[in-house]
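The following pair of complexes shares a single chain, subunit A, combined with subunit B in the former and subunit C in the latter.
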Partner chain A sequence: MIQFLIKGLLRDRQRSLLPLLVVTIGVMLTVFMHAWVTGVMGDSVEFNARFETGHVKVTTRAYAENAGQIPIDLSLEGAGEMLNILHSKYPDMAWVERTRFGGLIDVPDESGETISQGPVTGLAIELLNENSGEKERMNLTNALVRGHFPDEPGEILISNHLFEKLGISLGREVTLITTSMYGSMVFHNFRISGTLSFGMGSLDKGTLIMDLEDARHVLDMEDATAEILGFFGPGYFEPEKAEAMCRVFNEKYSDPKDEFSPLMQNMRSYPQIANLLDMAGLMAFIITAAFIMVMSIVLWNTGLISGLRRYGEMGVRLAIGESKGHVYRSLISESVAIGLAGSVAGTLAGMLCAYILQEKGLHFDVNMDTAAVMMPSTFRAHITPITYWVGFIPGLISTVLGTMLSGIGIFKRKTAELFKELE
Partner chain B sequence: MHSMKAQLTSLLLLFPMVCPAQTPDGTEILKRMDANLTSDSRVFTSKMIIHGRRSSRTVESKTWSMGDRKAFTEYLSPPREAGTKMLKLEDALWIYSPSTDRTIQIAGHMLKQSVMGSDLSYEDMMEDASMADQYEATVTGTEQVNGRPCWVLQLEAVKEDVTYASRKVWVDRERYIPLKEELYAKSGTLLKKTEVFDVKRIDGRWFPGKIVFRDMLKQGGGTEFIIESIEFNAEIPEHLFTKAALR
Partner chain C sequence: MTNNENQAIIALEHVVKRFPSGKTWFTALKDINLTLGRGEFAGLVGPSGSGKTTLLNLVGSLDSASEGRVDVLGMDVGKMNAKKSATLRKKHLGFIFQTYNLMPVYTVYENVEFPLLLLKEKAGKRRKAVMEALEWLGIESKAKSKPARLSGGECQRVAIARAMVKKPEIVLADEPTANLDAENSHHILQTMEQLNRELGTTFLFATHDEKVIKYLKRKIRLFDGKVAADEIIQS
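Let's look at the complex of A and B:
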């Protein structure tokens, strides 16, 4: 029977081609849009994780409360011991220490007089520790515009924009003016080994990256760190796992009465990231739901047109004794075959487009200086396991639903009037 | 008649004792306060005990100043801060950092930064001009501060470039020394509070032995500024107030 229906579909192109094309295009759009939205949202989320929040972050309670002010005076003391605990309790995760601070870069002339100054946002990472994975995590290798990474203490990287603004040369000694963990104004000389460009306004304006041990020395932070960031092994945020981890950790180590006790927070704890994550889920749902609705209406219409065109055929089939149910079921079987074929073709086409955008990416040179969350300048589609089957559900459902709605007309026809109609 | 005249005379003589003392002019109070606090030159050693949210630490320094235009400070301890020097000439401030061997001018918003993590900003450190020149004072009442009767003065800035747009000062009625102060921004936000303790008579003037500063925008426990020794109108060599003296 199925073979018979497929033969019919193949031989009568008018019966199958239009619905097949509609399903294929619709499924292709769904698959592509799903991969694109997942990629764009995922990129933004991961970009924030890698640069700012980690998948989970351990700070003091007081630091977490005032995080917007970069309060290094509220840093976590006993960082080494805390790091050991985290490594032993969660060995599958990558744990790194980071310290952020604000300051000023002062460029002296030969006599030590200031010739130019510029504000900087400092980020101290494990730069000299090759095993930390920080260079790869923050994509620093690609961001390096000139020079080289620091290979000894006392060397720093600054944003290319700031480098050009200050009008200096590589290897030049500059003075960092900042505030220590105890609030003193501190001065330290560094050599600029390289410059970076991230393609994001807020990072490119005045970022300074130095090794964590240098920062500890300058900022008077012996065995202290502002933040310990945790990243899941596969590299993508796992909300439920992160939530459970934070709950267990905070129950054991965090004391609401002690503002300097450690507190673990996951990405969702940051309202702007939570919004982004919620938006990603909602967007994927809206796109899929909208596709089902639109496709159903289109295919219902296609089914109706086809029903009208095949009005005579249905009449003959009913007149020669085929039951209404049988005719209806055969129409649905045909739609399942078209839905399946269209879904496979659409999924393949959609994934091909998504794959191209996953590899190449789209560059948006927009001003994101005032954005609440960090956004990468290049967006990519992201093919996930869901991409493989997301098109099948709307592709099949809408085709079958359209046929079911348009086929209802079969049951309204009166057998007694068939011959009269056929005459 | 004679008896009546005698009664009237005694009443007139007693009158000043039963009537409240006349409230002096606000500017006059400020001038008398300035006479206590300002001098042609002074040399003092001080100790700042900074009570942070986590712990307390002490910073010691020695300061030489000439009027309100020139000042030179050298930090003596702790070791991390020792050797750091500050020079103030008119409205400019330079800091010498021995670790970098650099002399850097502090200007603009950096003047609002905390000095050594204390509740004092560089602006606070620089500010020692005559109060009478900078503010218009109105006496708003009398109150007791630590058991001492005080005039309560409301000060409004008459110049644009002052650190605090308005102040509320409790001035000791007998010693003309501010025992308490509230410092406000132009917006009306309370920025700092100070309290004076251990007022001593030195070289014929009243001078505070300890001032407690509290930055209301910080959550620490305040900063105690203790004058350990002070010498007024001391001879200070002029070369101390040059950038060359910083190194």
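Let's look at the complex of A and C:
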């Protein structure tokens, strides 16, 4: 009997191929949409993490309180030891030191007279350490417009916008004017090795990037760093894990009475980022839920129509002596088989599309000069554990529920009425 | 009537069937009393709307009477639950429809095999019974064909083979020749008559087709939901 039913299912394309295609396409769209929305929302959050907040960040308590002022005088001393602790306690995470500072770039002529000047926001990262992963993390390779990355101490990168505004050439020496960690005035000459453009107004106006060791030397920050940023291995923020880490770390190492004691904060500690995270989560949920609902209605309908168009066949089968329960169960079994096959095929197809967009990304050449929140120019899909099963909600559950609902007619109608459907 | 025929296998006592019609009820059958013996070749005849199909549905346990009692093979159909009704149809009744109602995705062989699958017959026994039924009806060469490739007459023969393959005690045929030409109708009726004679199967037709009426050995004339006449034809 099972063989007989399978034979019928395979031969009747309206009963098998058509619903299978509808389910597969519906599931594929659901899976892809979920991965895409998760990725796009996650990318926006991740972009901020990579440039500014890390997934977690260790600073002094005082620095955390005044972070908006970039107070390098409140930097963390004993950075090497702290880094060792973090590496040993959280070996799965990537830890990097960064220092931000404000200053002025001065372009002198041959006699030392100023030709042009401009304010800069300095960012010191482990640029000369190829193993730090900072170039990849901050997508600097793609952001490089002219020249090359610093090969040796004393070389810096500046934003292309600032470079053009200053009217200078690559390789030109410029003077950085800033204050050291201990508040003294600092003048130091650097050579510009390359220029960068991130497509983001806040970064492109006056960013200066130098190697961390150069900054330590110039800013008198031996064994000190303004920030230590931690990133989760898989590359995406994990709120619960980050929260737990901060709690454990702060209980052990942070002293509320000592403003120079270390404090670990996660992304959610920053109100703007917390809002962004909440909005990202909510948007991902709303878009995915709406899409699942629409697809569920479509696939429910497929199950319903598929069941209704077979009332005639059911009438014959009942007349020949098949019980209502058996007819109903066979309908459900067919629906489960189609729902399952369509869900698996759709999930695989959806994940393939999502994987391509996760690896390649979609580049939007949008000028974000006026954007208040940092947004990436390349959006990627993101495959999460939910991606593996989310398609089964419309694919399997809705299809089977639709069939179950239409099949109830077998029980509600008198056999003779079903029988009349034949005529 | 022979001794065999004296044995009542269908008995209707004071049967009434009403259907809802808007806010009122329409009475399709009014106080029907009828008995059919084993091996009869009988027909319910009468104009459209006289209650033929309704009566056939009650005997086939596809519907239940509003009043009265319908006994088939000694069992009160009205008291049967859906499962028992299905078992009665599966084991003892065969249906032939006006529009054949073959399952289009299955071959002739598979359509005829279906009732035996429901009876969970073994493969060997099924094969033998199906081929035998196809041979009776002269359509063994069409075994692998799909219904769409058959003529109307051939389709009806497949439907008869499907009804007869399990050798049921009773075959209920609702306007079996309505879609057939004269030649095919006679051929089909001769085949049914032969099956009735050789296998002792009881046939109950619902028809207003004169071609069928000519073959009947008993004509139960229905008019306005009542038995207007019950006539046994002497051969």
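By our rule, the second predicted complex is superposed on the first by the 340 of 423 C-alpha atoms of A that agree within 3 Å, B and C clash if a C-alpha of one lies under 4 Å from a C-alpha of the other, contacts with A are read in each partner's own complex, and residues count from 1 in each chain.
The criterion applied here is as follows: a residue touches a chain if its C-beta (ideal position, glycine included) is under 8 Å from a C-beta of that chain, and two chains touch if they have at least 3 such contacts.
Owing to the predicted nature of the structure, the values given are computational and were not obtained by experimental measurement.
**Student:** For A:T121 in the superposed arrangement: first (subunit B), second (subunit C), both or neither?
**Tutor:** In the superposition, A:T121 contacts neither subunit B nor subunit C.
**Student:** State whether A:L318 touches subunit B only (first), subunit C only (second), both chains, or neither.
**Tutor:** Once the two structures are laid over each other on A, A:L318 reaches subunit C alone.
**Student:** Report for A:L104: first if it touches subunit B alone, second if subunit C alone, otherwise both or neither.
**Tutor:** In the superposition, A:L104 contacts subunit B only.
**Student:** Report for A:N139: first if it touches subunit B alone, second if subunit C alone, otherwise both or neither.
**Tutor:** A:N139 sits against neither subunit B nor subunit C.
**Student:** Can A:S261 be said to touch subunit B (first), subunit C (second), both, or neither?
**Tutor:** neither
**Student:** Kindly classify A:S202 by the partners it touches after superposition: subunit B alone (first), subunit C alone (second), both, or neither?
**Tutor:** After superposition on chain A, A:S202 lies in contact with neither partner.
**Student:** Write out the stretch or stretches of subunit C touching subunit A in their complex.
**Tutor:** The touching residues are 57, 60-63, 82-83, 85-91, 93, 95, 97-99, 101, 103, 105-106, 110, 113-115, 117-120, 162.
**Student:** Could you pull out which subunit A residues touch subunit B in their complex?
**Tutor:** Subunit A residues touching subunit B: 62, 73-74, 104, 106, 108, 112, 114, 175, 177, 179-180, 182-189, 220, 259-260.
**Student:** Could you list, by residue number, the parts of subunit B that touch subunit A in their complex?
**Tutor:** 50, 52-54, 57, 80-81, 95, 97, 99-105, 110, 113-118
**Student:** Tell me, which parts of subunit A touch subunit C in their complex?
**Tutor:** Of all residues in subunit A, those touching subunit C are 1, 4, 7-8, 11-12, 15, 312-313, 315-325, 414-416, 419, 422-423.
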